[in-house]
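The following pair of complexes shares a single chain, chain A, combined with chain B in the former and chain C in the latter.
Right, the complex of A and B next:
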């Protein structure tokens, strides 16, 4: 049974998504219990799957029994299973958060919303597990289609943002597919492990280097790396409040994980450090993203846009960690990816609560209600500690290992970029706190009723997770160091 | 210079791919009408599919169905089926994307009464 957990993890949300429009045709109210049930089952199975894989080693799942180079293969190793636990937990929290907000945002489209969310989660599962380059492309596109529709589902301003997202996202997918066909032309196979085996004989081929570059640009658009990030702030800030937490915390990070798979598991650590200097390129783009994203965040006046740019700068920090070419930097990058997923979810829960419950959209207005909203301000303190990277939180340990890795690789420019981006992050949170604590206007009467229980739960749990990831950073990092490192690192 | 030129002209299939890709990309960048942008996007997708077909085409090859199980197999007589299957999947993905894009376009037209990017941006402010 435990051998089939990876396929089960994909099939649970997929079946729930497919059956939802049929089952909920007459009973619209059933959509929420079905979605919550499916995601809770997924959380359970993903935890069982992780403990099974830590004990018994990775599972290579061959669909319909067709063995690997011919059939489609999924690789469930410690890295994928760990990310999947985070993915299903954050998906469940995002659904809980959507309870009070979704009816307000979406009205009659509530069934569409739950169907698309489940479809998005199942395709993200596919990206995390994919062991085949073309399979990765298909799941990237399914995830992207679900996100375009989710951004546009409430209509209004979001429609145009969704259209731009679609145009850029499709361009990225086409470039990725072009890269895949270069790889296929050079190696004659699409299975990641198979390409990795054949690649050492193909390094003189320009098709491999060209294909790798096209894949980088394509996935760079998907993960909103800095020169290609233009779609993200509009899409995330105009998206309905129930949608933006799950998009911000998961979609870009999972695309980044796909890129990590390609450079470390397909191309291989030895090749990228000695033959093809792709890590240098990734590191430079990462440093630029870390600094430019934070500068742009500092200039924003809209709350959601500020957080969206914060997410862009953190993608850069993760890439810096990945690109150091040593175990410390790699583990730091992956650990920071987990932290960033939690922090982005928390930030957009916070923004969603500010908009839905307090009717506040800008930094200016946020200061006005901040003092009268203890849940908002309390969780903002914890999240900002994590985003800046101060000791008791997971963000600190992620940055710490990334900086250690960069020092080990004697890459002082990357260290400088992280420190600069940390200072800028501090600056935009100080801007927020300044508004809250300097504002002396008397409380308005609209603030007296309590926020809904679901908001408190979501904010409380994500803030607790930011702290817990810091307190338990040692076991997680040592697990990653011993069991999740790519071969040859 | 001559070497480069002959190298390019000998690979006329790649040249065609590059032209279609850049043509689509140019349309996506320069047109303000959203549906025209979609035409450009579809050209880009089609060019990549064309590239996949062109690297797998073989002169004189046929579908990979063995007519006799005893005769020795000649690989040059059969076309590689895998890129064609990939092409089929890529076409399906492209059609799904176009469907979502057209649905968005029609919703944008109903909301803003226009498909022109500049007019929509004016109304957004």
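Right, the complex of A and C next:
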């Protein structure tokens, strides 16, 4: 049974999503319990799967029984399974949060809303597990189509943002597909392990280098790397409050994970360090993103836009960690990716609660309610500790290992970029706290009643997770160091 | 709103052509095991026949009511596909490994054949419904709204 877990993890949300339009034809209200049930099952299976894979080693699941170069395979190693536990837990929390914040005027389309969320989660699972380049593209597209629809679901200005996201996202997917076709032309196969085997003989081919660059630009658009980030702030700030946590915490991070798979598992650590200097490019773009994203966040007045730019700068920090070409940097990058997924979810839960419960959208207004809203301010303190990277939180340990990796690689520019972006992150959170603790105006009416229980759960659990990831960083990092390193690193 | 076409030629030809197209679609669908064809192409042809019916007889005609009902079937096709795959998993094989479709009295070869036919029927249903719903949503938004809210 345990060898079916990777396939089950993908099939549970998919099955729930496709059965929903039929099952909920008469009973619209069933859509939410079905979605919650499916994701709870997924959380259970993902934890079982992780423990099984730590114990028994990676699983390569061949769909329909066709062996790997011919058939489609799922690669479930420790890295993928660990990310999947985070993905399913955050998906479940985001779904709990989506209940009280779901757009009110959806009517019968509420069924489609939950179908889209489940499809998004199942396709993200597909990206994490995909064992060949083309399936990565397919699931990238399914995830993107679901996100376009979810961004635009409540109409109005969101439609414009969704359309812009659609145009840029499609461009990214097309460039990625172009890169894949170059690889296919050069190597004659799409399976990642198969390409990795054939690639050492093909390094003189310009198609491989060109294809790699196309894939980098394509996935760069998907993960909102700085020169290509223009779609993200609009899409995430105009998206309904119920869907922005899931988009911000998962979609860009999973695209980044796809890129990690390609450079370290397909191209191989030896090649990117000695023959094709792609790591240098990734590192420079990462440093730029880390600093520019934080500067842009500092200039924002809208709460959600500020957090969206914060996410862009953190993508840069993860990329710096990945691009150091040593085990310390790699592990730091992956650990920071996990932390950033949790922190982004927490930030957008916070923004959603501020908007839906207190009617606050800007930094200025946030200061007015901040003092009277203990849940909001309390969790903001913990999240900001994590975002800045102060010791008891997971953000600190992630940045610590990334900086150690950069020092090991004698990459002082990257260290400087991380420190600068940390200072700028501190600056925009100080801006927020300055509003809260200096404002003495009286409270508004909305403050008198308690926020709904779901809001408290989501914020409390993600804030606790930020702390717990810091306190238990040692077992996670040693697990990554011993079992999740790419070959040759 | 799609009005019925007022030309007698279009209507009579439609009455004659629609069943022919449907039979051809079914042929393509089931022939997919042995040669070119299969669920996707067969589904497109079946969907086209219903689109033709809606265009000639209008979307309030009795035939078009079937099409509107079919709009809810977009999940059914996928369910058949995933269901067959799931049965293979229950039988002890990988997802969609038809050899493990546990049906007593069938050899492995005929199990594979049956499995492919069933999944292709699911694919055909899904593609047909998608084609119809694209035409409906391009022509009249309120049809889908009605069918969802009603």
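Criterion: the second predicted complex is superposed on the first by the 483 of 489 C-alpha atoms of A that agree within 3 Å, B and C clash if a C-alpha of one lies under 4 Å from a C-alpha of the other, contacts with A are read in each partner's own complex, and residues count from 1 in each chain.
Just so it is clear, contacts are C-beta pairs under 8 Å (C-beta built on N, C-alpha and C of every residue); 3 or more make two chains touch, one makes a residue touch a chain.
All values derive from a computational prediction rather than experimental measurement.
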| item | value |
| --- | --- |
| Overlay on chain A: chain C relative to chain B, clash or fit | fit |
| Touching partner for A:178 - first (chain B), second (chain C), both, neither | first |
| A:453 touches, of chain B and chain C: first, second, both or neither? | neither |
| Touched partner set for A:471, first chain B, second chain C, both or neither | neither |
| Touching partner for A:430 - first (chain B), second (chain C), both, neither | neither |
| When both partners are placed on the shared chain, which of chain B and chain C touches more of chain A | B |
| First, second, both or neither for A:63, with chain B first and chain C second | second |
| Chain A-centred angle between chain C and chain B, computed on Cα centres after superposition, in steps of 10 ° | 50 |
| Partner chain in contact with A:7 - chain B first, chain C second, else both or neither | second |
| Chain B versus chain C - smallest C-alpha distance in the overlay, whole Å | 8 |
| List of chain C residues in touch with chain A within their complex | 72-76, 78-79, 82, 85-86, 88-89, 93-99, 145, 148-149 |
| Footprint of chain B on chain A - complex, ascending | 134, 137-138, 141, 145, 148-149, 152, 155-157, 159-160, 162-163, 166-167, 170-171, 173-174, 177-178, 181, 184-185, 190 |
| Chain B - residues contacting chain A, complex | 25, 28, 34, 37-38, 41, 44-45, 48, 51-52, 55, 82-83, 86, 89-90, 93, 96-97, 100-101, 104-105, 107-108, 111-112, 120-121, 124 |
| Contacting residues of chain A [partner chain C, same complex] | 4, 7, 11, 14-15, 18-22, 25, 61-65, 107-109, 111 |
